[in-house]
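One chain, chain A, links the two complexes that follow: it is found with chain B in the first and with chain C in the second.
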Partner chain A sequence: MSAAAPGTETGSDTGSTTAPGAERPAPGRWTPGRTAAALLLPGLVALLLTYAMPLVWVARMAFNEPLPGGAIRQTLTLGTFADVLTDGHYWRVIWQTVELGALVTVFTLLLSYPLALFLARTTTRWRGLLIALAVTPLLISSVARTFGWMAILGNQGVVNKTLQSVGIIDTPLQLANNLTGVVIASTEIYMPFAILVMISGFGRLDPELERAAASLGAGRLAVLRRVVLPLTLPGVLTAGLLVFVLSLSGYVTPRLIGGGRVFVLATEIYDEAITALNWPVAAVLSMLLLVLFGLVIVVYTRLQRFVERRILGERGAAS
Partner chain B sequence: MTDPTTGVPSPTAAGAGAAGAPAADEGHLVLRDLVKTYPGRHGAAVRGVSLSVPRGAMLAVLGPSGCGKSTTLRMIAGLVAPSAGSVLVDGKDVTGTPAHHRDMGVVFQSYALFPHMDVAGNVAFGLEMRKVPRPERERRVTEALELVRLDHLARRRVSQLSGGQQQRVALARALVVRPTVLLLDEPLSNLDAQLRTTMREEIRRIQQETGITTVFVTHDQHEALSMADRVAVLHEGRLEQLGTPQEIYERPASRFTAEFVGRANLLPATVVAAASAGEAAAAEVEVPGIGRITAQGASPAPGEPVTVLLRPHRVVLDAHDPDGGIARGTVLTAGYTGETVAYRVRVGGSGPELDVELPSGSHRPSAPGAEVGVSWQQGAARLVPAAPRSGGDAEAADGGGPAGDRDPRGGAA
Partner chain C sequence: MPLRPRALAVSAGLLSGALLLTSCAGSATAPGGGAADGSGRQTVTFMGFFGTFQDSFTKTVIEPFEDANPDIEIEYVPIQNSAEVLAKLRASKERPVADIALMDSSVAPTANEEGLFAELDPALVPNLEELVDAARLQDGYGPGLTLDSLSILYNSDRVAEAPTSWDDLWDERFEGRLAMPIADTRGVALLIALSDILGVDHQEDIDPAIERLRELAPGVQTWQPSPDVYTSVQSGEVDVAVGWNARGQFYQDSSDGTVVPVLPEEGTVQQINSINLVNNSPAADAAQKFIDYAISAEAQKAFGDDAYYAPVNENAELDPEVAERTTASEAQQDKQIAVDWSWLTTRYTAWVDRIKREVIGD
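Then we have the complex of A and B:
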């Protein structure tokens, strides 16, 4: 009962937040808008210190000039950008980053979708436990999981040993130290995220709609194609965005499973900054990664809008 | 095959029997001993329902919440698999046929319109599934939308429709495929009173125009009585009675039906003598506090307990001549409802209390405490069989049903 009173107060507070904009309150008065500002302040300060400032610092670094031996000349030049963008090696790195992201996203979505669909639709009382099980991999550090994959995919790994002892192959399959291994391990690592995002994004799914479709003559495949898929597409898109972005910035898996042969932006930035001590180049690559993120967000928003329009019934009878 | 209505000693039950078991094979849609037990649930949701719907008829399935109406409808549609029993259409067993091959139109209680399609898209869906070529598809969608008077909203998103419009889209979507059977699950329950009346007439009009055999679930007795050719009263998963609206209302086969359909005075009585037999069966019974009266309906042997049904609007009160009626009564309460005045009257000094409903304006209202003569027309009093389901009790044991639950009702008058 005592908890209800403050609750109702807050309720009326938020209800009146629009009023102060119309008639400006006295300078000394405490208003709901000011309460909100005060509550936001700590978070804002933290964000400024830990995110915005480093970002500005990195951006600034990109315009400095690298000198041999790790020294840096404070200046304002586009020379590092020009060097990076005219070097074929960096373009290959960018391409491989995007390629890895795309492959990982596609495989993660394909493997996660049926699982998420099952978990979202099941009525068993074990549903909660099953969802928890699906995300338990998150309890283990992705570094540990990557090492696990190395043990499985390596030339002396479980997969190759088994296939060889059964006699299906003679020479070991090249599953580690290349892109294939990174894709396999990354897919497994991002699946829990994808499943979680999909389940929460499948809100429009309603078993009654599937029954309605069945009563109208739709078989299981038609129900999936015409009802389930369109209604779950927004959730799939959001999961895809998350996986793609995570994969673009992924460092551990490409580094460990790539065996020094898979070059992506994250590993390249690390190498430039820590090994080559070339901070301006690392900063330029970081900026390029940010640009990639921006492009991904633009594409995602476009796709999202396209799907939403279809979801909301732009599609007609004669489709 | 056990018909749950057989063995009930009343002309109503005989009529129901004729429409049920013997004629079952002639009905367009036939249910045989349908049983559904949901996994992890005690007792069955549906406990052996058998009935038959003639071609082109409209059957209302009437019953209180949770009695198994939706479950029965879903078993007909193939959306829920029966635990036992079978569904026949045109004499063919379709129990094992999946929903998408049954060719039945279903209107769901929640409408279940596809949110990602517009009105025309929803209506066209069934035709697309049937691979109807595009020109014909478009023509039939237009026709169906004209039928429900929504052709002007074909391109509207379904989320931008009112409840009544959504309901009509759902109806058009189910009708456009020309299903062999149309199934409606409480299609009017989400509508306001006025729209409900309009839609009742509209559904009835469309059903008669198209001549589609229809099963229509409702818990509203007015809806069932006013719309249907036949009414099936369901209670705790069992068929209480199957008959025309008149039969259900005027000759209820059980206390449950008498109380659930319309308002009822139910008086405990004892048989004195059977006055006549056969079609116009009647008996002389002794009602404590009232005396001997004649009641219509087949009766058990003299000395057996029975229940007498007296509808409130069939009772007449005479304020001028308290001793001129069948019994003398005292008005306890009087309530004006506009169209009628509802009285509660105690008969005799310590006799039963009766609900009485008189048309307002037809009489000078009596105040509480007034002495009145209580009477009713010949034939207004009706015997209700005391053990309504003697034939169905064997099944009750199968379904694990609480057969004992029904006993305490004997004293509730």
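Then we have the complex of A and C:
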């Protein structure tokens, strides 16, 4: 880490500014504000050390110049940014990352919504158990689950073997080692997150409202479309945000089941850093991924506000 | 017990102080190095590859060395790959975290250039004289420790007629049944081998070799078999692949002959891991004593017989049965395609990029 020096400097600067309360222990009086500041301090220091400093270091690395053979010239240049942004390959990688995120988000939401709706509305005494069941996949690492999907989707996998033995297909379907496999596996892997977020986001859902709508003559579809769907939309949006962001930064599934054909930012950053030893390009790609996250958050906030205002009307009216 | 705000605040302050301290201490750890402990033993920290490599190297090289040199203890720090070594040494340039480090010969010239590795003292490493040509890397710096090579792997349960030539990869029998993990050193080695077959100097032009690989692309099932190429061949997920010979031989034994590595008749390209003295090592003398032992005929034979690496020492003779399965065999000996790794280091990234963009990504 040859760029550690600027990182540490910035680190200590920020360190002295984040905690004015603790730096100057005033004689005698402890105001609530000071106590709060002191209580925040350990968390802030931990964040600074584990998050902010490495991030600053990566940002600094993005302005260095990569030399052939993995060497790095310490400098301040925008050259690496220019090289990456004028290279069609990296635009394709960014596009594929977004495409994968969008596909996975749509499928995850479509499959999770009915489950979450059922779990949120059911009054059975098994509800707790059912929710636990929906979330249990999270107890298994996504590496193991991806390998599970490879055993299912591969050429020698359950799906192809079954279809072949029944005589529906002659040659195996290419379900793994490509984008299809990554979308299928990622969708299943992110579903528990989506279900959890949706259930907790469905607070506005109230059976009384559905009954009221029905009593006013709305059919089941109309109730779903005009009452249930709008009320659950904020939860769906938050789940969508979470899944999209997880998928943008996802590494394990594209790497293991993508067959080396699915180029996304996370795998590309790893390859640049580990195989090509091109740390400046890896750092630039990391910065681009951060920008992408920022854009997603902006879009999400806009959408959320739109839903609150236009579809649900005033908060008071909806609840 | 309710804490008063002041006590709470003070403990919070103490906690953050402790956090800061531990984080500083983390980056300041140095190898036991020169500081011999009370018993008079000196510790030499060795950064080497993890897994079966570590098991075999410990058993056949480190333990016999420690028995012969009771005053030196070798501490094995397992690492995943050369990039990790490079990162760790760059981060600890002044007080290095290792005394000796293994590194792929395609990366080592960069580390030499950056002053992460030191030149060896020929007086302390007399076995440098006995090195075979391929293991003589950058003048003065760490020599090759292991000679591996690129092989064709096939599944003997599913493939009746064994592939013998690089050209067999293009055989239509294997269309759709191929795993080609070539977006790394394996691809670089393959480009060199293909250029050789096509009669082109790889230092002049790799276009023909890239073009040849492009013809193969439609028949490749995966460019990145998981968890690795050897397991994929063993499970029958693919029939034929390219992979490193030493590991392939290991799998041939452990799979009772299902996985079979073939050293192609045209010859192959060697992959070399170099053993390097870390610059600023406080235990440089003891470290060089170990490096000298590691490249000695005795250690090279013991390690080679166990792990199927061709020896770097010209006086080491592997068991004939083992030798047949490495590039030390009579059939292979004169067919190795020479590579200038210092030259290749500067082209490596560009070549891998071309493989990714023109062969895989297209």
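Here is the rule we use: the second predicted complex is superposed on the first by the 283 of 319 C-alpha atoms of A that agree within 3 Å, B and C clash if a C-alpha of one lies under 4 Å from a C-alpha of the other, contacts with A are read in each partner's own complex, and residues count from 1 in each chain.
Please note the rule applied: contacts are C-beta pairs under 8 Å (C-beta built on N, C-alpha and C of every residue); 3 or more make two chains touch, one makes a residue touch a chain.
In this text the structure is predicted, and so the values were computed from the model without any measurement.
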Partner chain in contact with A:Gly154 - chain B first, chain C second, else both or neither: second
Partner chain(s) touched by A:Ala132 [first = chain B, second = chain C, both, neither]: neither
Partner chain in contact with A:Ile169 - chain B first, chain C second, else both or neither: neither
Touching partner for A:Leu277 - first (chain B), second (chain C), both, neither: second
Partner chain in contact with A:Leu55 - chain B first, chain C second, else both or neither: neither
Partner chain in contact with A:Ala212 - chain B first, chain C second, else both or neither: first
Partner chain in contact with A:Thr35 - chain B first, chain C second, else both or neither: second
Chain A: partner with more touched residues, chain B or chain C: C
Contacts of A:Ala46 with chain B and chain C, given as first, second, both or neither: second
Partner chain B, residues of chain A touching it in the complex: 204, 206, 208-209, 211-219, 222, 226-227, 230-231, 310-319
Residue numbers on chain C that touch chain A, as the complex places them: 5-6, 8-10, 12-13, 15-16, 19-20, 23, 81, 83-84, 86-87, 90-91, 93, 107, 109-110, 113-114, 176, 181, 183-184, 221-227, 235-237, 345-350, 352-353, 356-357, 360-361
Residues of chain A defined as touching chain C within the complex: 1-2, 4, 15, 19, 22, 30, 32, 34-35, 38-39, 41-42, 44-46, 49, 68-71, 89, 92, 147, 150, 154-156, 171, 177, 255-261, 263, 271, 273-278
Partner chain A, residues of chain B touching it in the complex: 77-79, 98-106, 108, 110, 112-118, 120-121, 123-126, 129-130, 134, 137-138, 141, 154-155, 157-159, 173-174, 177
